[in-house]
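Take a look at these structures.
Heads up, the next two complexes both have subunit A, just with different partners, subunit B and then subunit C.
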Partner chain A sequence: MTGPRLPVSSVLMTPPLLTILALGLAPLTIVVVWSFWSWDPSTYWIKPDLSLAGYAGILEAGRWTVIVSTLVKAFGTALLCLLIAYPTAYAVHFLAGRRLSIILLALITIPFFTSYLIRSFSWRLVLGRTGVLNTWLQDLGITNAPVDWLLFSNFAVVVGLVASYLPFATFPLLLSMRRVDPTFLAAAQDLGAGFWKSLTSILLPLTMPGIFAGFLFVFVMVVGSSTEVQMLGGAGASIVSVMINDVMRVANYPLAFAISTIVLIVIFGLVLIGNRIFGLASLFEDQSP
Partner chain B sequence: MPRLSDLSLTWYAALPNDRALVGALQQSLMIATITAVLATGMSLLAALAYFELRAQRTAWFLTVILPMFVPGVIQGLALSAVFTRSGIKASSLTVIAGHLLWAMPFAFIVILTSFAAVRRSYLTAAADLGATRWRQFVDITLPLIRPGLISAFIFSFLLSLNEFTRAFYLAGRQNTLPVVLFGKMNSGASPVIYAMSGTIFLVSVACVALASMHFMLRLKLSPAGRALR
Partner chain C sequence: MAISIQIDRVSREYGPVKALDDVSLDIKAGEFFTLLGSSGCGKSSLLKLIGGFDRQTSGRVAFDGKDVGDLPANKRPVNTVFQSLALFPHMRVAQNVGYGLRLKGLSGASLDTKINDALDLVELSGFGPRDVNLLSGGQRQRQLARALVMEPGILLLDEPLTGLDERLRQQMRDEFGRLHKRTGATFILVTHNQDEALSLSDRMAVMHKGRIEQVDSPARFFEAPANAFVARFVGIDTLLRPERIVSTGGQTEATVGGQTLQVRTQGTVDTAASIIAIRPDRLFVARQGLPHALTLTVVETTFRGLHRDLKLAFADGQTLVIAIEADTDIGQLSTGQQVPVGLKPDAAVLISSAGLPPAG
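This part shows the complex of A and B:
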């Protein structure tokens, strides 16, 4: 193993790196640069400039409230997903046999692979006034009239978001549980620790990287989501992606990209801080020496 | 509520006659296949590089997965701005470019986790016995990570097939299926779109089922299956 090491990795890195630079970095550069350009409302033209008009536009028409409410929604959805995903991951990893765990994994994966569009649309059929849920509620005599707030409301949006992004929380949690040495748990049991004791003092601390990664993935995906709000939200419901889309109707690139820049700073900041504290990369690393 | 006896395949039968949907489906399948091939190849290279690297591992990992965190609207809009500025017309190629960037991080993570089966000692042993790096790759690494490559291919294919936001900004004259469906869903639903949604859903489920059956078989057949858990 005395051959030249560095060249091999550089050669391997070149094609993916070039792809990421060309398709990833170049557009992001444009986003940041154009966010400082100016836009003429009468002609819809943009021209190179150094203006803060785009950023000033965020403070107008309550756009900043949409950004804040998006972040709140993302935070809440991420927490909800963790609450559902942790027991799920626990069951798949610790309780199910090998065969059952593969079947469960496949079931968990399916929503991830079906179109967000189709799934959001299907929720309309479940939550609508004449939908499945309302029909059941009335058949069981729980309500007399259809419940209106089930669809085209924040409730529907959160249901759609949790359903869409749950796998993003489950998988990092599973990966982190796989890295927990089972002898720790056995030792705790031998020493008389009950379920809750070993959960809070061993499993939770050891799966922290997975908890954080799951939170982060869901958070980021919700910030970037749009279909759930468009399909399930009430009148006037908005989220950052929808707002950017609306702004682009008049080709206001500076404003759209100013919003994008703010959102990207929040997201990348979270990713980098999270990586510093929890070591995201270590979740996916090989454990072999 | 519809009754079970109302079930019929009428709208599935009507599917092939809907020119717009069939054209969009063909376009989507083509784009998804090319995206999957490219994303799997690129991620394999990226994962191999990751395996070789030592000090800059984390930096490389973050570089490859960061595009995953960029919201679809921003990525699609920014890419379309880049393409328009450099005089590239919107076409299936521009959609593939957007989807490649979207699928690559996922494929990379899948392939990376499958690298857990590759022990460094195997490679060292092969090197001691005189195997070149290429031979080590073909005879040891590749067979061990093959399930990862297959999953990465299926992952990328389905991610591209169902992707909407980026395609919305990047598609040329022929829209992809999700873009066409979105238009139809918002302009009074014809049952044909339910049939199309159903078809896509079943295809996706079948892909996942095939992949997990593949894993089950591996578990049964090979002692290497132990590495999976």
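This part shows the complex of A and C:
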């Protein structure tokens, strides 16, 4: 096309591009820039002076241990979700018939219709001293007294997190399994592979993009979560979001944003590594022979 | 090494649909056997049962006389070349070829030797380290090495040539014949392509609606098609409805459009459900005065490249087609002209009219 007219494609591209820039990139830029400003504790005011005080603040009051424990929790939850979601996705895609797979997908999705708050709270009713689980344990004679560590503990937090974010692992896995030509599995079987061998040598490698996408979704959601820790965690239990919230109460934006920046860097790093190793982008590519 | 297959009264039903309907078949060890039919005829369903990817609803599948119903695909002495080829995209060529061998416990030098031998056999020497996704269509086809390297007693070929251009198709077809001789295994080819079936098979089965219509050597399908469906399927398009059939002594004569012609018969003749199949290659335009010649009316001539189709009509409107050489001097043939037509021996065969749509 010649002349000053813009190609149709770039005209169509402009609105979404501007939206992404305004709603996504702009706030992130502010977060990163303000993390280098300085904060006056006497006036609660921030000034645009270049300062690393925010980052230094991370090392104080054990804040970095909260970041580390958050990342560990996110990592563990993501792995647990994958362990549960992979067989689930396998069952939905390979084992269930049309009707059953729709029912299973609905069962996976429906809990999402209620808020995190309600779902976390309902775990209190299950895991508490007089909760469903403790009652059963005692009725069955497995324990004599209520088990205390079931609620207000890291165990409870992880249970709540897995329950909340499991579908974020299931759906990418399902998507990636749908992209695997079933004749690959038939061919593996034809060449002598049993169930486990064809799983490990064919299905797992071919669904790697889905595995990593599911891992990343859960990881990111857990790092940004707060409800589960507040509702189910023990005394003094914290997570990055809760900590940022505490810091924001005294309007210490540079510290809050410094913590955010560190978390952002970790997540971006993971995405880049994942894309390099597992070909994350291939999950969304056209299937071409 | 080669294994024989016994299919005994096998049916496979999907709800109300019968993909296979009471099929019985014996395939000899070392035979090149073809299942021929159009899509939906049940040929792939039968192949799946032999491969172990599916289970029959009733009946028995046996290898060398032993029932294999409970043997899963990964335990059967069968390997398959899939239509989509199903090359593992995350593995190199050598890894693809060696996949089954590694599962058998081979490793190191003996594994490499076998992989290289297999690649040599299909003329892909030196391709081992290549990415399978970057192979050309023809090179991908040669990945049947992955199945051959397993030295299977039975090799199943599921429409492996579909989607290839004509030249490559012929090349691979010859390759299959060569590999069959080299390996001595029982080859079973599933195809809808008659050329492949005719040129490769020792015997073939024509399937239709889940049933086997005829099992024979390729030549027999032309000499003695079992019924009208088979005749049509192998390209004997001229099928004439006789007015009358008279058997005297060993000879049978049929009357079509008021003219009598000699027909060959096979077995007992059910005159009510019989039809005359005419082989177009056994007809010729005769000189005037040839005894027993038919006199037919020219409908049209069509130029077909290497030959010319001459369409002729009987008095009752039934037509037949003669293939004549493009440069034959047959004078000026104009529509409506009367032409004498001679029949070589066995030009007309009386067959069952089963599979023929009702006259319309």
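Here is the rule we go by: the second predicted complex is superposed on the first by the 277 of 289 C-alpha atoms of A that agree within 3 Å, B and C clash if a C-alpha of one lies under 4 Å from a C-alpha of the other, contacts with A are read in each partner's own complex, and residues count from 1 in each chain.
To be clear about the criterion, contacts are C-beta pairs under 8 Å (C-beta built on N, C-alpha and C of every residue); 3 or more make two chains touch, one makes a residue touch a chain.
Quick caveat, the model's predicted, so the values are computed rather than measured.
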item: Side-by-side fit of subunit B and subunit C on subunit A, or clash; value: fit
item: Touching partner for A:P205 - first (subunit B), second (subunit C), both, neither; value: second
item: Which of subunit B and subunit C A:N245 touches, first, second, both or neither; value: first
item: Contacts of A:L191 with subunit B and subunit C, given as first, second, both or neither; value: second
item: Which of subunit B and subunit C A:T227 touches, first, second, both or neither; value: first
item: Superposition-derived angle with apex at the Cα centre of subunit A and sides reaching subunit B and subunit C, degrees in steps of 10; value: 80
item: Which superposed partner A:G141 touches (first subunit B, second subunit C, both, neither); value: neither
item: Which superposed partner A:G97 touches (first subunit B, second subunit C, both, neither); value: neither
item: Minimal inter-chain CA distance - subunit C and subunit B, angstrom; value: 16
item: On subunit A, the residue positions that both subunit B and subunit C contact, one per complex; value: none
item: Interface residues, subunit C side, partner subunit A - complex; value: 51, 53, 72-75, 78-80, 82, 84, 86, 88-90, 99-100, 103-104, 146-147, 150
item: Subunit B residues touching subunit A - in the complex, by the definition given at the top; value: 1, 42-43, 45-46, 48-49, 51-53, 57-58, 60-64, 66-67, 69-75, 77-79, 81-82, 85, 97-98, 100-101, 104, 109, 112-113, 115-116, 118-121, 124, 127, 133, 155, 158-159, 161-162, 164-165, 178, 181-182, 185, 197, 200-201, 204-205, 207-209, 211-212, 215-216, 219, 229
item: Residue numbers on subunit A that touch subunit B, as the complex places them; value: 1, 3, 5, 8-10, 12-13, 15-17, 19-20, 23-24, 26-28, 30-31, 34, 98-99, 102-103, 105-106, 109-110, 113-118, 121-122, 130, 132, 135, 175, 178, 220, 223-227, 231, 240-241, 244-245, 248, 253, 256-257, 260, 263-264, 267-268, 271-272, 275, 279-281, 284-289
item: Residues of subunit A defined as touching subunit C within the complex; value: 181, 183-184, 186-194, 197, 201-202, 205-206
